[in-house]
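Encoded as structure tokens, the structure appears first; notes follow it.
As written, the chain order gives the labels A, B, C and D, with residue 1 at the start of each chain.
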Amino acid sequence: MLRFGVLGAGRIGKVHAKALHESGRAQVAYIADAMADAASSLADSVGAKTASVDDVIAASDVDAILIATPTDTHADLIEQAARAGKMILCEKPVSLSVERIEECLKVVEQAGVPLMIGFHRRYDPNFSVLERRLRAGEIGDVEMVTITCRDPSPPPVSYIERSGGLYRDMMIHDFDMARFLLGEDPVVVHALGASLVDPAIGQAGDIDTAAVHMQTATGKMCIITNSRRATYGHDQRIEVHGSGGMLRAGNIHLTTLEKADAAGFTSDLIPFSFIERYEDAYRIEINAFLTAIEKGEAPRASGHDGLMAQKLAEAAAESLKTGQAVAVR
Amino acid sequence: MLRFGVLGAGRIGKVHAKALHESGRAQVAYIADAMADAASSLADSVGAKTASVDDVIAASDVDAILIATPTDTHADLIEQAARAGKMILCEKPVSLSVERIEECLKVVEQAGVPLMIGFHRRYDPNFSVLERRLRAGEIGDVEMVTITCRDPSPPPVSYIERSGGLYRDMMIHDFDMARFLLGEDPVVVHALGASLVDPAIGQAGDIDTAAVHMQTATGKMCIITNSRRATYGHDQRIEVHGSGGMLRAGNIHLTTLEKADAAGFTSDLIPFSFIERYEDAYRIEINAFLTAIEKGEAPRASGHDGLMAQKLAEAAAESLKTGQAVAVR
Amino acid sequence: MLRFGVLGAGRIGKVHAKALHESGRAQVAYIADAMADAASSLADSVGAKTASVDDVIAASDVDAILIATPTDTHADLIEQAARAGKMILCEKPVSLSVERIEECLKVVEQAGVPLMIGFHRRYDPNFSVLERRLRAGEIGDVEMVTITCRDPSPPPVSYIERSGGLYRDMMIHDFDMARFLLGEDPVVVHALGASLVDPAIGQAGDIDTAAVHMQTATGKMCIITNSRRATYGHDQRIEVHGSGGMLRAGNIHLTTLEKADAAGFTSDLIPFSFIERYEDAYRIEINAFLTAIEKGEAPRASGHDGLMAQKLAEAAAESLKTGQAVAVR
Amino acid sequence: MLRFGVLGAGRIGKVHAKALHESGRAQVAYIADAMADAASSLADSVGAKTASVDDVIAASDVDAILIATPTDTHADLIEQAARAGKMILCEKPVSLSVERIEECLKVVEQAGVPLMIGFHRRYDPNFSVLERRLRAGEIGDVEMVTITCRDPSPPPVSYIERSGGLYRDMMIHDFDMARFLLGEDPVVVHALGASLVDPAIGQAGDIDTAAVHMQTATGKMCIITNSRRATYGHDQRIEVHGSGGMLRAGNIHLTTLEKADAAGFTSDLIPFSFIERYEDAYRIEINAFLTAIEKGEAPRASGHDGLMAQKLAEAAAESLKTGQAVAVR
């Protein structure tokens, strides 16, 4: 049974540590977090010990490192873990800098350890079936992918300020899904953005409402729209048009209830918490990582995927600044 | 071009006279109504003359009689028109008495004129396609038909009092649809009913909420539910289960709009007026009558269909009274 | 932490034992099953020991008994566990005989132990929210409840033969839901039934297609339809009409995917396995039992509820035999 | 009663002439078409005479001119009709040249006659209710508009060649809807396009698949996607996000039927013909023109609206050519 060291006992660290514990296929050996209380509380709930980050990475009874620390530590920790010969599952993004990611991936490559990036949406039961049916040719050749992602409410401005901006922080998932579903890399990106939700976000130099479209070398297109606000929940939809038809994945409602009265026919809301929305995806992701390791297969979302998504985010950010389309190498 | 005499210039008489006029396939020659103003107003709008009921039926320049007068006149007028050799389209029901219908149908048969009963739902674009797909075998053998019919609000008690009761006045349409879709005659009927909407309806000896189920000799079943109240519009649904699957016709919403906000996802209401709900059905019905006459074909809803629906209504009324199941001959 | 003895290591026993184990709130101490392999395999997976039924019930380190054995053993085991002073969660039905249930409930009452019946649908997240919203008055007074329950395919005829028939074996859940949602006891029942799915079921003296309607003393109605076959999955729907509107719980689809092509707009199937369909319900049920015990509250589905559902099933069976409506005491 | 001269007896000329005739509020006095047979056939069906274009425009018994001739004649005919003092309803576009439209609108202004452009989607019952509810503030301030328009199949290449290209010929309607719903003019446009449906369209210098996004001075965005192919019908959807929620208008299905079987739950197709899809819109448009004239009000879609939509189409075409965003004056 694989023994994991989990770095980071915050919201997403907890989700992953519990998924590992409940998988019955792996053991959470250590939890590390600068907040001692958070670390020991999580450690208790999954039968682990606590230790410092360095000790966890160095521990001889640890096979794999799960990185769920703040973004600006990811690249360093990946390198440290790789050099220690550990297998790695790291939350997105590797880094806000494309150059830094490239350096980091070289270290991983030299170390020859598997690295998987936490693009959990690839494991969402609806989206992964959508992708499988696309690949099976159900609607012929893919021509246009439309991704809608709207968060219920914006994070604190303090978070926004060190997030790298909407494209790198939020739309990064959509860039990854775009590549996953197009089956090709976009070569040109044009971005629109504005601060329409909260002026404080604009004052912090970021946007909260965005539209990006991209095109691949063969002409396929992808349209992504994002907002930091949705009064009805976490709006997560994908629609793909192909030569033979359309496939779409709609929102998951809290219940199947519908009420009819003088106000009309009202269906239930959708989840407001992304952790609730992607509960299944996180669990499946962890199990997919374990399976990939057991079978010696490449993970579904590789370091290269992390790099490419980041490049698209960079291009979008540049497009927003210049107002012009940006070519992606 | 067929020349029609329209008897009755009330709500449904107007719908039919205009549909005839706009069909481009028939001429409304005369309108008769005890209310002279109603008759002349309708006559003006469709380019017709007014005359007495007797004169219209006797007129040599009239080929067909459309009967849209009060229910208690239907049987007499059908006989009078039949004896005058006119083709007849009569609103349902022929009579509230099964015996009277049987007499009347004998007169029609002796006269050898075509008679069609105004079961407009058979012509509704959704329901008629449903029936066609059933007959085409899309879901194999029909096993169970469920019909939901809920009116937005009850008619005046004065109307209720001379209506013959919910089963004969309202559920009669559902009895006809049951036979249309089952493709067989029910042989046993059990009825439930209560006055839950308006106590005044109960005091008038009628019910406003009802459930009836029926079975044919081969075991097929039909469930009908009715209410005189629906806060969200005129609820009209049909669901059919067969050996190979299920086919259902849902409600028609006023628009395709959907709103999402903190109250949920809200679709539009459905029509509150049965005339609005069945606008297309009435138009298609009139044209179907004209086509049947032109081609010498039997109408989709015959006098026999009117008789059988009435027998089922009688059985339901008797079942409600006795509390027991009633066999239908 | 409550210590459970689980009697029966079949399909539903496994579901419950695992739910107990994963609840983190109870311990599965013993598994008993005539099939030694089944017992030990399940015991291994939840960290329990195996023992005979008698020993489990008698064990001093067991607080509660979960009964998931064949139906004909339920009443005896309940009595035995009650006399041993254990708390009891028993799969439905207590017995196929109303008299036997009444005897059994007296024993439980004398022993003063809590007894909960496994009507898992009361705990389904959609149905339980539906009930809560009804009770909160969202659609006013309940007037009509419609329950649709269609299994994907019939069980083996060998099972049918000792099942007590469709009303006692399958519709029993719907009778319970009817009472749960009506908030009143039906006083009259009329049943229709036929063998339309598989002639062998008819030859075994049972039906596979059924419609039952019932009415309470205040006039509220409930319509239940069942079939042993549904080509599209486990069809589980509830629709409730009240004085102020309608509330319904639809089917849960396998994914939110929709495909549009020349065949139309196609949504995904619904689960074919009732265990998959009611996975959440079973888990919630177990936790509800634990909560009821911890708080000393009455369970949501009591022995009395088990008795009343059985009485309705009896009435339906009698109605099918006589063709007439049956009064329920 | 207003007397109309209809120029052009092709597909859309027929739709308008019949709508005028059936409105009961106007008279079709003359039909002009270079194809004498088409003109006389249409004239017969609406009780009109035939005449040459020049004679119709000059006729003293004509109050209004409806222009449904080929695009390259629109601007000249508008000027000719305006100089003759006639009221004008002209199919979109006024011209494929922005400069030509500006000249033409000056002539209309000098003549002081009302001019309405045939942007029929503004009158579609779903879209017009959507706009009204937006204006009423149901979802707060508009932030993002998404318009999907996919034709079932491409027109002949011969038509494509003189169409002005997809942006001017097809997306022109979406540009108009964008302005109608945003309530502001876009100031920047970026376009993507490719020939993915039919290589012959690419060889003719046009595209068949397109994505355009635009932004207004206040930051509001609009995303438009078009394709010349949709295997499931004429896909016409609009979704608007505002500060308080989302409002969307979905497709209209041919019937409300749904089938469930082993293939899933299948709803009906949507119309393949735009004339069938927008039947109601065309009728309402004609009546809106009549009402605007009767009340002396400005038409809902003015010559200025025609000009602005054309400017957006020009900008999109330039963006496709240069690959860069284009500012709109």
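Quick notes on this one:
The rule we apply is simple: contacts are C-beta pairs under 8 Å (C-beta built on N, C-alpha and C of every residue); 3 or more make two chains touch, one makes a residue touch a chain.
Listed by chain with UniProt protein names: A, B, C, D = Myo-inositol 2-dehydrogenase protein.
Small disclaimer: the values here were computed from a predicted structure and weren't measured.
Chains that touch both chain A and chain D are the following: B, C.
Averaging C-alpha coordinates per chain and comparing to chain C, the farthest chain turns out to be D.
The distance from the centre of chain A to the centre of chain B, with each centre set as the mean of the Cα atoms, comes to 58 Å.
For the pair chain A and chain C, the distance between C-alpha centroids works out to 40 Å. Residues of chain A in contact with at least two other chains: 230-232, 235, 244-246, 260-262.
Residue ranges on chain D touching chain A, taken from their complex, read 141, 143-144, 146, 150, 188, 190, 192, 194-197, 209, 211, 213, 215, 219-221, 223, 225, 227, 229-232, 235, 241, 243-246, 323-325. Those residues of chain A whose C-beta lies close enough to touch chain B in the complex are 230-232, 235, 253, 260-269.
On chain B, the positions that touch chain D within their shared complex are 22, 125-126, 129-130, 133, 138-139, 244-252, 255-262.
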